[in-house]
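Labels run A, B, C, D and E following the written order; every chain starts at residue 1.
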């Protein structure tokens, strides 16, 4: 039987259109591959746009829901839908994939067919992760994503690609081991015969169980994010991956982890969340500062950006576990921002790599003269990742900092330090790459960007300034869902100390959440 | 009383010869002592009123199988006097452990066998064991296993041919 | 019946163990097969003893089948030994270990 | 003395298979070498027929030959699986035997006979019958393993298999003899009543159970009784390896489970703990050693050990103390599901190995796969698919199989076991992906380009098609198979 | 609503130049200058509207909402803002004109105009903003502009470094500023000025727990913390000690920039901010004192360094530093009106001085060291005379604008209690030094015989009109601004801060002393550099220690490099290699290697010998049986 939304199956269409593209590529000739790839991904983008238009900001409920029975026992459904949390990420994904195809236009010239296929499968998998409303479905997409990424890195990557690919694959796979078990445990403890995420979010689990599940989830998500101690796969993967790979990796893949926190950890394990918030916050702060600090030491552009990603994702987790509207909305916004900004940076690196075939800063210095247009774009993206006001990242970081500040002045202060560090390494990078003196042996290779490259960077710049100058629309999409999410926590906290809504409990007594956490643990 | 004496004689020889089979360095001697043992096992069967089996024991085991062994030994004329395997000590220990443990178990819990099916047979094994009744059930109750056994023999036959016949493939492929 | 069942059990157990040890200690395949025959005989002793003790023929029939199987195994086994001998000019088990690790 | 017709009808599939085998052996000498394929197709046809016969009788439970044989949905499920596997093996062999120059029609005969043995194993309810079934299956396999007589490895595999097999069946038989003493019969039902009556710590019960577990543990290749597996799998002709790895393992598991549940259902705590230990060891050892293998057949052998470990999780769950009936049957069904899925992916993987030829030999070394994606995209892609599935990564069937096993484990309160299993699934991903890596991310040497070719006979294509269909379809829509397995698990207590 | 155009016009100019710059090239000024011109006119109108005390509020749009946070952007024009508007538009306009000549033929001509247009926009938005976020946004935006403009000639390594340095140091300040803003939100629940000012008084008693959820309970007064944090931003932006190091280096940028950004407008943003947030600062005496002290320190430090520098632009830069010190001090002592007053006049004459330097530099072919100048007063009459005026104003010579503003500033300081009076003394001292170094500059540069590089000693001549006209205008302004009653105008913006009585002994006393100090300074300069030029050298050798201290800017830069910059980079590299890779990553790979190793070990169980296999089976059996026996 079918419990469909009755309406047109938008989500399914968006998610599985890329697969159609794959089929088309298989049928067509090798030369056609990239054209089809581009066509398919653009169509997906076009189809995904109406979601934004038809999205109802008023409700926190899932929208465009489709639900079909898939497996009878245990009842697993094909259930998809979006809310204010997933919608931005879905759009981000659909928006970035065409760019990835474009940037690979000339840089990928071996096995184009397989490349495009991997890219499209990747898109389906990632979209699936963001829209899945059934835990098993989610996990399936979550894992499926590994394969195409593995190939992207391993087949089209740099010198050390195999090592990076296997490391990426095994690390993330091992991470999600506990996730699967946790899913099953939740299933048996929820008291209902369903893997439906929303239903499972409503059920109440004993604090001790929650504590276990929390860490099970944590490992899986933290590896993806990646959070501080689990970050070492990122530099390798980023450096070795082809440009498109890096972009997808940074812009979409990392978001899965933080999305996981938002979608599962917070709503399903409120007590445990409150209990362990301090730990996560600490880790996030460490990630912010540590990542930024590591970036200082890098002479390889991609490595530098990779470590900066660690730092930026630290802001996201920080915001999420601030557990208040500003923090979480800032975090979601920051996911999008990081996608755009870091994506842009990687695209830039890819463009220059195509010319000089080196990622070393020393080889790619002084581009302002020979490639003024490129330099401009690079500066814009760099400044955006510094979190310059008027650009996208500032909004996210600002909100996150507000949220964190309510939780702990100290945490916010340290996090803000990260912003200074970011400025330091990014500007230092600019000073060398953009303004420095060009390396003589490279001069001949430095020609400015062609229309295709400009075309693929312009939209990103557009977003940077749109979000930077008028973030309200994007935020409005989130409000309802985030509010609903926070209510989950409030429910718990009011159990702890009635008559206090979450904001007060943070603003008035910063330490309340900590205390509550302890009690929750004690129970 | 007499029965017990006979049993102990037979058992003693059986164990002895069995040990010799394993202990003797020369395969031929081993085979020979196995032959001796087969006869005594057959004797044991007789004391248990399984005359038919006793006969088969002699015919099949001693007559067929063992001869087959000797035949192969001769065919491949293996020089005797082979050493024991390096692991023999470990093996003996393990065997000992198994023995001790089963004895311990047997003594501690005591061994009880299922109670006789048909008490009507006052002196057990009197009527049973005669060839007729065996044949009877063999072709009625145990028909199905009987057929399977025939298949096993078939397989063995064909398999032996395939494995041993020289230039079988050449002839096929030509 | 004069001889208690335990004696038969002990006997068969002993023979079985001897056979088992034999399989482990001898290197000549033929002797190993002989040891396996010991194990089978031990089984048969059990069956016959039980069947006599319980007074049902099932045990004897089982011996009958076990015997058949033993015969078949011997046939195949010897065939394999011969084929093996063609390759290795030896029938000591530890002489052939192409396949390992 | 008359043979009741009903009984014959009940075992109609067995009769058909045997009949075909005999006909084949008769026809073989009189058919010209060019026509041999006909015989293979004859066997295949028979299997198709049997498939429908069994499928039609699915659901009801009929005993035959005085409760020696039962045809219930449990047995039928396995039989269907066995037909499928044997059929595919036959199809694969048609081409393979030619390539390997061991084109003997008897081969198919052996497949049919050993299939008979397996069918008897899965539907036997009397230890005598089960034992004979095992022997029939094993003896055929001994011979098939040595089929490449002129190759030392093949014969060595055969010999090792034979010696250890005989050894284990000796042990098994002794166990049966003791049980006979315990129950006064070899019928599982009576055994279970006797065992239940005597309870846990009767020495005879204990020893006999120990011996049975050793015997069956050998057949299903559970550590520490697994050691024949790598050598035999590597040495035997690949199609035989497939047959052993899939069919005989499935049949052995089926019989093992039936004996444990119907015979020793009363003393579950007595064996579930043991099986748990074996299960853990098997998981760990299989996966660890597979990491360092460079020969694909051997690697797959170890992986099949590891998979036996996963399947054992199902067995453990059925016997785990404190699990009520629902959980137990979930264990059984998940085990059946897993083995069914495992058959597809293993079949596929071995098929690729069988059809990939370098020089005159088959490409069984990891190195032979280097840069396969360059030359034979299709084959490389399929191999990747099977590897992914074996590693248990969605959306392939392998994931579904693991998923249900883990469900069962967690349901039985063995969460840690589930975690362990998954950790080693991650480990296994390493060696499975290495194959993918070699195929996709390494450049083939120039001579390799010339030497390697794909001996892709039409029949082999069919096999691959089936395997892929299974791996993908069951991965995306496992519903039907799941429900079949669930319903088939019921007859066991 | 019309006044929204004041900032928007420069923005428009920037956008046009940014997109079409490569087309427009040398005609860039045709877009930029008119834009700024019109916004000047509009500013005048705006000014005239608020002159009678009421304010303009122009809401723009809601920027973002999140939870209980709502940020509305808008423009807010009161007298303070109006005055700043005028200053910005005038100086910016003149600098635009001046640039036409100064940057003529520069490859980055259009880019340059684009950037200063952007700067003008940002600066205007900054002064007009009506909430903290907007303030912060443009606070950083102007920083960005200065970054881009300092780095305009990025071929020069020094310029690159200076740009980065400026941005980073500002970032450090902004870090405090940002935290201040956050604290404001947490305390007041809003970020709009008016509501915050409205119930500022209500929150005086409040304290915040510094460590928050981390525990510890370290309570401090919210208001003070807010003010101090925000002031950190001001310290960075207005180059107060200890974050002053970026300003002198910023002189690497083209001179018009130095005039516009690093003298007249951006660097004064800090002072402006303090004045703008007077309602908060007034509530926190502690913060006020800190502001005052820091200002005073900067004042004296800047002066002491300026007296020994030889790069003309740096001299002026350091004087800017110390003048900013004056203003900050004034604000800290509650004399906002006079702080801003001095800010305005200073804006005029300091811009004048910079542009003067510019035209000198232009004349002597981008030579900045005054030891290679001299005797220019005949060759560059206009420059010379305007420069004199500027210097007089800077030295607080009677009847110049500088005289009035500085005088009233010191007076108000004197009336502000003990701290105020000590600082006043310092102020007078500084005034003396100021006079000294500014005239040292004049004498060495324009008097005496020419030491110009002989190659182009002969073609040293007055630059084009576009350069000289702005000089004249500014010269006029640096006189006039003293007479048009700016303080009275500003009074409205700072209720309750009626300037201390202009009459009475204190007033006259201060006036006389300050003037005298100025005159003495000039005299000494004359003595040293005209009468007997050997004195300086003698002093130099006698007081070499002090001399070097001053010459090397108190070694602050070196200290920072040694203490912070270098260690940071070294440490980073070490951490990365020795911790990230050697420990964390190694642990990760170690796990994988571990599994592989165990596999490698375990494979040897598989000896290939059949009987070992049988043995292992037996072992299995034994183990099982033992298990049974034991359990």
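One rule holds in what follows: a contact is a pair of C-beta atoms (placed from the backbone, for glycine too) under 8 Å apart; a residue touches a chain by one contact, two chains touch by 3 or more.
Keep in mind the model is a prediction, meaning the values are calculated, not measured.
A.B. asks: Along the graph of touching chains, what's the shortest path length in steps from subunit C to subunit D?
C.D. replies: 1
A.B. asks: Which chain maximises the distance between its CA centroid and that of subunit C?
C.D. replies: E
A.B. asks: What is the chain whose Cα centre is as far as it gets from that of subunit D?
C.D. replies: Farthest chain from subunit D, going by C-alpha centroids: E.
A.B. asks: Looking at chain pairs C-E and D-E, which one is connected by more C-beta pairs in contact?
C.D. replies: D-E
A.B. asks: Please indicate the chain closest to the centre of the assembly, with centres calculated from CA atoms only.
C.D. replies: Checking distances from each chain centre to the full centroid gives A.
A.B. asks: Starting from the mean Cα coordinates of subunit A and subunit E, work out the distance between those two points in Å.
C.D. replies: 37
A.B. asks: Between subunit B and subunit C, tell me the centre distance in angstrom, where each centre is the average of that chain's C-alpha atoms.
C.D. replies: 6
A.B. asks: Please tell me the distance, in whole Å, between the geometric centres of subunit B and subunit E computed from their C-alpha atoms.
C.D. replies: 104
A.B. asks: Whole-Å distance, subunit A centre to subunit B centre, using C-alpha means?
C.D. replies: Those two chain centres are 71 Å apart.
A.B. asks: Specify, in ascending order, the residues of subunit D that touch 2 or more different other chains.
C.D. replies: 128, 132, 135, 139, 142-143, 146, 149, 158-160, 163, 167, 171, 181, 184, 201, 206-207, 230-231, 430
A.B. asks: So which stretches of subunit A touch two or more other chains?
C.D. replies: Within subunit A, residues 170 contact more than one other chain.
A.B. asks: Residues of subunit B touching 2+ other chains?
C.D. replies: Where subunit B meets two or more other chains at a single residue, that happens at 85, 87, 90-91, 94, 98, 102, 105-106, 111, 113-117, 142, 145, 149, 152, 155-156, 159, 163.
A.B. asks: Chain pairs that touch, all of them, please.
C.D. replies: Pairwise, the chains that meet the contact rule are A-D, A-E, B-C, B-D, B-E, C-D, C-E, D-E.
A.B. asks: Given the complex with subunit D, which residues does subunit E contribute to the contact?
C.D. replies: Residues 592, 595-596, 598-600, 602-603, 605-606, 608, 610, 612-614, 616-617, 619-621, 624-625, 627-628.
A.B. asks: In the complex, go through subunit B and note every residue touching subunit C.
C.D. replies: Residues 1-4, 7, 11, 14-15, 18-19, 21-22, 27, 30-31, 34, 37-38, 41, 44-45, 47-50, 52-53, 56-57, 60-61, 64-65, 68-69, 72-73, 75-76, 78, 82-85, 87-88, 90-92, 94-95, 98-99, 102, 106, 111, 113-118, 121, 124-125, 128-129, 133-134, 137-138, 142, 145-146, 149, 152-153, 155-157, 159-161, 163-164.
A.B. asks: Name, in rising order, each residue of subunit C that touches subunit D in their complex.
C.D. replies: On the subunit C side, the touching residues are 5, 9, 12, 16, 19-20, 23, 29, 32-33, 36, 39-40, 42-44, 46-47, 50-51, 53-54, 56, 58-59, 61-62, 65-66, 69, 72-73, 76-77, 80-81, 83-84, 87-88, 93, 96-100.
A.B. asks: How about subunit E: which of its residues touch subunit A in the complex?
C.D. replies: Within the complex, subunit E touches subunit A at residues 61-69, 133, 136-141, 144, 151, 154-155, 160-161, 163-164, 167-168, 171-172, 175, 178-179, 182-183, 185-186, 208-215, 568-569, 572-573, 575-577, 580-581, 584-585, 588-589, 592.
A.B. asks: What residues of subunit C sit close enough to touch subunit E in their complex?
C.D. replies: Interface residues on subunit C, with respect to subunit E: 20, 23-24, 27, 32, 93-94, 97-101.
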